[in-house]
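There are structures below to look over.
The same chain A turns up in both complexes below, where it pairs with chain B and then with chain C.
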Partner chain A sequence: MIDPYLKILLYIIIALLVIITLLLLVIITNRYLVSVNQDKFRAKKQKWEELYLNYLQGDLNLKEIAESFKDEKRYYWLWKFFAPYLDMLDGSDFDKTKALCREISLIGHYRQKLEHGNLSEKATAARILGALRCKESITGMISLLDSKHQLLIQAASLGLAKSGESKTFFPAARALLDNTYFTYEGATEILAAYGENAAPLMVRFLEGETELLPGEGKDQSLKKKKKSFDLKTVDPSTYNSVMIDLLGFFRYREALPALHGLISEADPETTVHIIKAFLSIGEVPASFNLKSYLEHPYWVVRNFSARVWRLTGDREAIPLLIKLLDDPNWWVRFNAAEALYEAGENGLDILSMKAEGPDVKSAAISSYVLSRKGVELQA
Partner chain B sequence: MSTWAIILIFYNIFVIFYFISINGFYLLLVLLSYFGLRKQRTVERVSDRYQTFHSAFYKPLTIIIPAYNEEATIVDTAYSALALKYPEYEILIVNDGSRDDTLPVLEKEFNLKKYARDYNNDIPCETIRGIYSSKDYPNLVIVDKENGGKSDALNAGINVSQFPLFCNIDSDSLIDADSLLKTIDLFARDWRTVAAGGTIRAANQCRIEDGQVTEINLSPKFWVRFQIVEYLRAFLFGRAGWSSIGGLMILSGAFSIYRRKAVVQAGGYNLNTVGEDMELVLRVQRVMKKINREYRVVFLADPVCWTQVPENYRSLKNQRRRWQRGLSESLFGNFEMFLNPQYGTTGMISFPFFLFYEFLGPVIEITGYLVFIFSVFVGILNPPFVILFLTAAILLGILLSTSALLMEEIYYRSYPRARDILVLFGYAILENLFYRQLHAWWRFRGLLDFFFTKRSWGTVERKSFSEKKQAVEQDS
Partner chain C sequence: MTEKQVILVAEDDPGLNRLISFKLQKEGYQVISVFDGKEALNAALNEKISAITLDIMMPFLDGIQVLKKVRAVKPDLPVVILSVKSRENDLHQALELGANAYMTKPFQPEQLIEKLKQIMGSS
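Moving on, here comes the complex of A and B:
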């Protein structure tokens, strides 16, 4: 007669042995299946590639090529095949590819997932339908912007951005900045996917058409949770800053008048964004008065203004740059010294003189910049 | 029945319940990590990282690499850092008063030149003797300072760093080219993130080219193979599981990224512990709570850092003793978090878990074995029960290790040869037959070191990535 405790232990041991053996089998089977599937996909990809290129060249028509794809029900494989082309193609080739994706039910499948799938399926579908620039799905993707799930908002924003519907920029910006945990930079990165086509709308917003931005979304729970640290609760100037950064990123010259119009009444943070945008665009408006910004009380403004000097080459601002070599902030001193170095022989003489001068800060920064540039001091 | 017999019976019952609860916890972590890793994969699929995160919006970052007597590996490590894909970063190698040729080797390889660079003194550290920049690589900076230990070198690096985020990498470690992008994504997608880290894997026997692991091979050395299984378990279900419920207490010192401001607010790395990585994670959490700032510490399994793990008994034993001592110091240095609801999951679940199971684990395990044997000897426990119980315990351990292998197989398949994964499966079994018990003994010794304040770092035998052997005495 076996003790009941021993019996339980024996059962546990047998169960554990069975589970461990099953794990081993799962590992082996998984490795085998993955390898088989990879081979299958490779083979299919090779076959599809040839047919697809013939289709793009016009040797096959839509019906003929669709016939070759129609038996494939692994839609993610189809997506994996088309994704690199969709990222690169434009014009008629893109349209033909999109027509093919529609014909072989790839679009239909993901539209269905966008509406009825689980969270992961919806997010994947939004990304894929966006890349396919599927106009019929835009309403569905916009509705995801009201989701409580950050992943869905991210996928929908990216999907909308890729779909090329510039007018959805503002709802996406609102959702990303108000209703997710994304940092300012993270949200801007996603919005950058809208590309230059959205730039005219952004300029209109900066020029005063603030009604382009929709009202606050339904779910404000995250917004309420945001506490101040380095990401502040979203205020209207944040939207300005995002758009200014993006206009700079797109190097959108046509935005210069609007940016210049904003700077005189901008708060210090927005001023920094505007000056950074000038730097990115590589140009400043003709009437831009750099000198007042080199003397700005906020060090970040002084810092970027020193960098902007290279765009203007304004000789009258050189005395202010020399003054900035003694600035309390290291970055301001560094960029002022860099600007002086760019000023040619005159600037080089000033830096050499300062490097050997009695002022500790200006001497240190001048020798640092000169040593970085490989200039040997005589002393 | 004598008092001793009653004590023995109670202790046996305690050990059995302890065993059931710890394994129950671990099985729960396996489940949590399975779903956590699945979620990470979905996020990966939806993000368009490679397209979006190459623009100018990203926060620039400083990579700090502390180096003490690392002439054998430092050049490979520097090249690995230089090969990273990231829009804007600088690399700070902090030579912590090395007694070997670490600095001359760097000078020769990277064409260094001393220059006057200003830096903050936000955190106290030993004197900085000089700062060098490379004429060939503008983003490579070498800080030469008086010896003060790894934590002090990291603090010096933080003082010299100029960017809002910093990443620390061990000088004997290499990180995958896109690891920074993947980890930084965690900061971009959540403003609450103050610290994040990735997985550590063994680089022994892997092929390294231009500072990158280009071919993953399984080391023939059995100490290394045990550690591979151990690392998979620790990262793929330990940290992934804790991270998924917001209870992460440790990020690897070999590769983690922090917000500089948060670390400066916390006072930098603690010089008085050998577990500076865990201690910092805990202290940052305490400080964030004190200043009423929401925070998150997160782990992502995919960014990989490759490190040389010890290949012999002595180095491994020393490392594990040090880790146990570090764990103990970190827990007791931040004891206010224990069962403190202010700290949420970390205070109420992770901290008690680490205290009862990771800190006390070796004591219970070692004494458990001894008491079991003694109980059989004096007739309190019958031998069949003990044999079956120990068999079940070993099988549970095997189940946990093989679950980590399954996770690796489902999500990553880093080892390209099927044979390697089967060999690791064998080691997952073997590990529980003697390595685990040996490990418990080392950890027990680590606890003794903690209580009797052994300060030495011990000896670690270090090999260069290009196979030159070198013994390095670390006695910071």
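Moving on, here comes the complex of A and C:
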């Protein structure tokens, strides 16, 4: 006679073994199906690629190639095939690819998903239609910026950025910064997808056309809309900083006058962004007075001002750089010493003298920078 | 019979690599396709090639490293760099290292071929 407790234990073990076996079966079947699907896609891709390249070359016309794609209803496969080309190509090859996507109903399918799909389908559609630079979908994507779902705001912003419609930069910036949990860096990265074409608009905003940003200036429509969620309040200067960073990232020289116009009134953080943009652009405005920033109370401003010195080569600022060798902040001392090293023989003499001088901080940083440059001090 | 000029296409995206190679072949060039930096360096140093289109972001060895090593041995070999716009610092570095030209993605393959022809014609 088996002990009833042992019997229960046996049943539990058998049940567990059955569950584990079933789970393993599900995993193995799933992996098998994925691999079969991948093989099928690979085979299709190979066939499509041959046809597509001949189409781009003009050996096949639109109708002929569309015929070969028309039976494929797995739109996501079609998308996976075309996506890298749409990302990398421009000009006539891009136009031909887009025309093909339209002819085989890929655009129509995702336009329908953008309007009537579920959350995830809408997000996918926004990304795809953006990459296809599909102008007819701009309004639909803009409406997603008002969504309460962050995924949709992100997808719509990216889609709009890729669509090349620069005028949608401001609504997207507003939605990303005000209504999502994206960090400043995350939002800036998405907005960078707008590319240099959006730079003239950003300059106009920095020059005072604040009404370009929905909810600011004349257009109060967004501000009036009571959102069902209010995640954070963004400081207005954040918008300036994002645009200053992007203009630096695009190395947009034409922004220099606008940046110069802002810097005298800017708060310390914005000042840092502007000086960093000068560094990225590789140039400072002709009338930029570096000296006052080398003496700025905020150490980060002094630090980047020392770095920007090489763009000006201003000999009159050298006494201030020498003063900064004794700055309380190590980075400021380091960048001042680096700037002096770049000032040529005069700077080298100053560093050598300071390295052997009585001031502990300036002696240490001068020796350090000289040794990094391989300059040996005389004993 | 004149020998075909050989172009080395170093691009890790298989679709783009095939597309550039296809267009170059149609223009009458012979093409060696490679998909990572190590293969690119190996081909550039050991094969008789007339020019390279070199992507910056590649596995194992990036385009900048490849260019540095190639320039040390073949200072006059025409090189066109291909990269995304956001890697502009790399592009400047590549030009300083002696790349003859660069193109940012998205790009028109015809312009790339035109650039290659110009550089090969003047070198």
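Going forward, the second predicted complex is superposed on the first by the 342 of 379 C-alpha atoms of A that agree within 3 Å, B and C clash if a C-alpha of one lies under 4 Å from a C-alpha of the other, contacts with A are read in each partner's own complex, and residues count from 1 in each chain.
Keep this in mind: a contact is a pair of C-beta atoms (placed from the backbone, for glycine too) under 8 Å apart; a residue touches a chain by one contact, two chains touch by 3 or more.
Values in this document were obtained by computation on a predicted structure and should not be read as measured data.
Counting the residues of chain A touched by each of chain B and chain C gives the higher count for B.
Once the two complexes are overlaid on the shared chain, A:Ser92 sits against chain C while remaining clear of chain B. When the two complexes are overlaid on their common chain A, residue A:Ala192 makes contact with chain B and with chain C alike.
Contact with neither chain B nor chain C is seen for A:Leu145 once the two complexes are overlaid on the shared chain. Within the superposed three-chain model, A:Val308 lies out of touch with both chain B and chain C [touch as defined at top]. When the two structures are aligned on the shared chain, A:Glu49 is found in touch with chain C, with no touch to chain B. Once the two complexes are overlaid on the shared chain, A:Ile281 sits clear of chain B and of chain C alike. Residue contacts after overlaying the shared chain place A:Ala364 against chain B, while chain C stays out of touching range.
Contacts of A:Leu247 after superposition on the shared chain: neither chain B nor chain C is touched. In the three-chain superposition model, chain A touches both chain B and chain C at residues 87, 192, 249.
Chain A meets chain C in the complex at residues 49, 53, 56-57, 84-85, 87-94, 192, 195-196, 249, 251. Residues of chain B that touch chain A in their complex: 42-43, 45-48, 51-53, 55-59, 113, 115-118, 133, 135, 162, 164, 187-192, 261, 292-294, 382, 384-385, 388-389, 391-392, 395-396, 398-399, 402-403, 405-406, 409-410, 413, 418, 421-422, 425. Residues 3, 5-6, 9-10, 12-13, 16-17, 19-20, 23-24, 26-28, 30-32, 34-35, 87, 119-120, 123-124, 126-127, 150-151, 154-155, 158, 180-183, 185-186, 188-190, 192-193, 225-227, 229-231, 245, 249, 280, 330-331, 364-365, 367-368, 371-372, 374 of chain A touch chain B in their complex. Those residues of chain C lying in contact with chain A across their complex are 13, 15-16, 18-19, 22-23, 26, 85-86, 88, 105-111.
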